[in-house]
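Here the chain labels run A, B, C, D, E, F, G and H in written order, and each chain numbers its own residues starting at 1.
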Amino acid sequence: MHWTVYLSGEIHTDWREQIQQGAEKHGLPVVFTSAVTNHEASDAAGDVLGEESDSFWRDHKSAKVNAMRIKTMIERCDIAVVRFGDKYRQWNAAFDAGMCAALGKPYITLHDESIIHPLKEVDAAAMAWAQTPEQVVEVLNYVISKK
Amino acid sequence: MHWTVYLSGEIHTDWREQIQQGAEKHGLPVVFTSAVTNHEASDAAGDVLGEESDSFWRDHKSAKVNAMRIKTMIERCDIAVVRFGDKYRQWNAAFDAGMCAALGKPYITLHDESIIHPLKEVDAAAMAWAQTPEQVVEVLNYVISKK
Amino acid sequence: MHWTVYLSGEIHTDWREQIQQGAEKHGLPVVFTSAVTNHEASDAAGDVLGEESDSFWRDHKSAKVNAMRIKTMIERCDIAVVRFGDKYRQWNAAFDAGMCAALGKPYITLHDESIIHPLKEVDAAAMAWAQTPEQVVEVLNYVISKK
Amino acid sequence: MHWTVYLSGEIHTDWREQIQQGAEKHGLPVVFTSAVTNHEASDAAGDVLGEESDSFWRDHKSAKVNAMRIKTMIERCDIAVVRFGDKYRQWNAAFDAGMCAALGKPYITLHDESIIHPLKEVDAAAMAWAQTPEQVVEVLNYVISKK
Amino acid sequence: MHWTVYLSGEIHTDWREQIQQGAEKHGLPVVFTSAVTNHEASDAAGDVLGEESDSFWRDHKSAKVNAMRIKTMIERCDIAVVRFGDKYRQWNAAFDAGMCAALGKPYITLHDESIIHPLKEVDAAAMAWAQTPEQVVEVLNYVISKK
Amino acid sequence: MHWTVYLSGEIHTDWREQIQQGAEKHGLPVVFTSAVTNHEASDAAGDVLGEESDSFWRDHKSAKVNAMRIKTMIERCDIAVVRFGDKYRQWNAAFDAGMCAALGKPYITLHDESIIHPLKEVDAAAMAWAQTPEQVVEVLNYVISKK
Amino acid sequence: MHWTVYLSGEIHTDWREQIQQGAEKHGLPVVFTSAVTNHEASDAAGDVLGEESDSFWRDHKSAKVNAMRIKTMIERCDIAVVRFGDKYRQWNAAFDAGMCAALGKPYITLHDESIIHPLKEVDAAAMAWAQTPEQVVEVLNYVISKK
Amino acid sequence: MHWTVYLSGEIHTDWREQIQQGAEKHGLPVVFTSAVTNHEASDAAGDVLGEESDSFWRDHKSAKVNAMRIKTMIERCDIAVVRFGDKYRQWNAAFDAGMCAALGKPYITLHDESIIHPLKEVDAAAMAWAQTPEQVVEVLNYVISKK
């Protein structure tokens, strides 16, 4: 049985790589998917469709192009990992978590102890809270390959 | 035809009251619903079920009790209004928006111009972006009662 | 048992009024719903949210405000009537019909014989094709109140 | 991850081929699907089931045979592209777009600037509006293969 | 709590009346719904939309007009009763039962012992098999009003 | 806003009455529903449909008649309370909880500390665990009527 | 793109083989599925689970074992063909058609002209009516492989 | 056509192995899935996420990690087998059965005659009741491979 795991959230540290390498070491039959994590490319995703003078509409077009990818990947995933870092608003990560919750997709949150309180609604609908990528790998290993 | 409108997000200003009063002035056939907006009561929602020494689990229990209310109200609403203020993380508001998007509930975002960029994914799935409660009232008035 | 009937399409003739009056004569327990049929008001539905210099975005904002109403009414209706007149593109009427088909909402098309061929896909998913509002009234009367 | 893209609408220009060739150049893992685009064959799709003297029923039978293909392909696609040309009514394209919207299938519209206004409802539910097949290819390339 | 019960099938005996009178005697809070049970009216349901020379299409139009009523009533019912008599093919009753099964609507079959074998697939998906209208009334009474 | 609360499980103590009386004291707008809690009546629910010599089939018929009531009530409820006592197997209560989980119905478990371990899967999908009917009443009061 | 086609109904003629051979000649990428068509085996499907003295329960057990296969195959199919012969009640075929209709599975009916009238409800929800297996093959060939 | 069969319940006898070996002998194209059946490992599934002093929360964390696996496997299965042994509460098996029932997944129960009465609700929603693993194998063989 193959699994698809969607990695959502923070793009400024290498947590995605750590999880993917950990999964590889365990030989897990997992395909990892993700939004485009290159910040500039992501912000410019809609520019090919024509320039916008108004920054709201530039953002709007790019966010919708990105949404085609994100929505498809969330709907196809078996499990999502949603990462909150210590910087920025990261409302898109919470938004992805809300989609997962409504679609019945089990998700794991990955964040420090310091932000437990503001994330309580997001954690309450999660299946697990991890503090390190290693923990996520261990959980995936258990869920996917434990006999 | 009666409408149900769920009001999600910021609890530190009186935007909910402004919208409700505006709707009343127009005589709109709307029932407004909302999470518990009393901060202390909300944080303590699960305390009746037993004390917790660990703050994660206290938050967890309270968030789940609140979720029974929020999830039911979102699933029953026709339209949601999701408000982002200028303070706090407000991940719960983005989480609610993600649920609305996945459930096909049309929602209106209500926030200042200064946070357009970090909210672009949330706005991209919204049916309208308003900057003032008055605008929300005007939109509701049009949607619900315009002949 | 009460019924809700959504009236979609052409706004330049009085077909809606004819159907509503016919239903009233028969004393049918029906609530009729409809998009805003005032053309100028409909085109300006989003203006309250701020002016747009680009006509694409003005249309976009207005169409989304209207969609909050239309989507809700289609999802709540038991039957839809979709009217195609002899002028304009009326892509929104065909779009509504596609939504009805996908949502399993039975719909009746109302149009002249002259446009049978270009409407064949829309008619193929319809439950009836009527040429006059009187026929629609007769069908509704049968479906709703015939013993 | 493989993707399926449904190409809906106009059959009188080679926009389908342009998109398919563009995707091939980029080596995208996409299967493109489409209704039968041979006009005569499409109109005659139901003739094998018996001749009809009444043109409404001939159209009806053929449209239903075509619908078996179209509905299956739309339900299986990840993304749709809906093309509106400058001729004919093209109500079937708008109908397909309405189905996509109701099913939660993200779609891209492809049309000239001259028909923005009559397509505003169709564009409002789309994830992107493109004016050329090249733009569609660029968007697909970004969505599907951008790291 | 009010209940809606759809009565499907045979139209040549007074089983519907017997069930309705029995429910009334028990004072059950039930609304009973049903297809049009007047055979001639039912066969002619589509005639108002124009005459057909071909009997297949006359039947087709009438069956679709009837389907608007039947489908809506089945989707709204809490329980269905599906009656098979000893005459005619009654494929429409089996068709209704199949719809109920797929929609998760619990249904009770009502038929004689003599046709157990050909009805085994229909009975296998039913929640009860009754041989008399009195038994149906007793079951409804228990399900709806037993403390 | 009215709420419907389904009370599932143990029938040998008066926990249902305690919750209903508590809700009444608070004036909560709740309708409580429940399976038939009279043990003998419940076991005999299918007897009216004919005697069975084989006890498996007697149970089967009765369980299905009861299921018509239970399934409808679970599907209509906003919240369920699932009670596990200290006697009997009570597999039907766990079965109801599994249905609630799959249908997205939030539920509260009500049981003693002594059976935490065997109920861990049922509790893991619950929104709250209460040990007394009073706690359930307090939670319902908060969820339903807290401003 | 591969297709799955479910063949439902009559088991006394070789219509299934004719369709499968026709599809093979055209090289169509189709997997055909079907209930067990050996009459005795089908009637005895539940016997391995224990003998029944009552014929109702023997039929019941066998029909449920068969339903595990039929339901799975219908839910997985893209298109169904439902065949009605000139003998027997064939209520299971009409039941399958009702399931297809409710699940949105397009189906083709295959029957003689002589039974148009009793099948009008089943035909009204079908996408095509064929009189010969050859016609079914032609329709499948067009739907699946026509460029 | 490949099938996926989820094996739920008792972990203290080798019924899973018997079914798998039986399926292998018949050469059935089946993938069997299962929760982690190592009792200690299952109870400790959440320990990697941090120690808990409170046994309720330790169980809670582990049960949720296990639920990610179980829920995914149930949603992906075509058929489930739910086994009840003669020891322990086994509420998780009944919970899985309830999920299957609500999701429309056909399931077979596997248990002794001695517990028919307490399992009547679980059996009533099952497609078959088997007393031995051999019977389950025979049923799977028939359902999956009988011509």
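We take it that contacts are C-beta pairs under 8 Å (C-beta built on N, C-alpha and C of every residue); 3 or more make two chains touch, one makes a residue touch a chain.
On a predicted model such as this, the values are computed, not experimentally measured, just so you know.
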Pair sharing more residue contacts (C-beta pairs) when A-C is set against F-H: F-H
Counterpart interface for D-G, drawn from A-C, C-E or B-H and sharing over half of its contact pairs: C-E
Computed distance of Cα centres, chain G from chain F, in Å: 40
Distance between the centres, which are taken as Cα means, of chain D and chain C, whole angstrom: 23
Where chain A touches two or more other chains at once, by residue number: 64, 67, 104, 129
Footprint of chain F on chain H - complex, ascending: 55-56, 59-60, 62-64, 66-67, 70, 84, 88-103, 113, 115-125, 129
Contact footprint of chain A on chain C as seen in their complex: 52-54, 57
Complex contacts: residues of chain D adjacent to chain G: 4, 31, 33, 36-38, 41, 45-46, 48-50, 61, 64-65, 67-69, 71-73, 76
Contact set on chain G toward chain D in their complex: 1, 3, 78-79, 104, 106, 108, 127-131, 135, 138-139, 142-144, 146-147
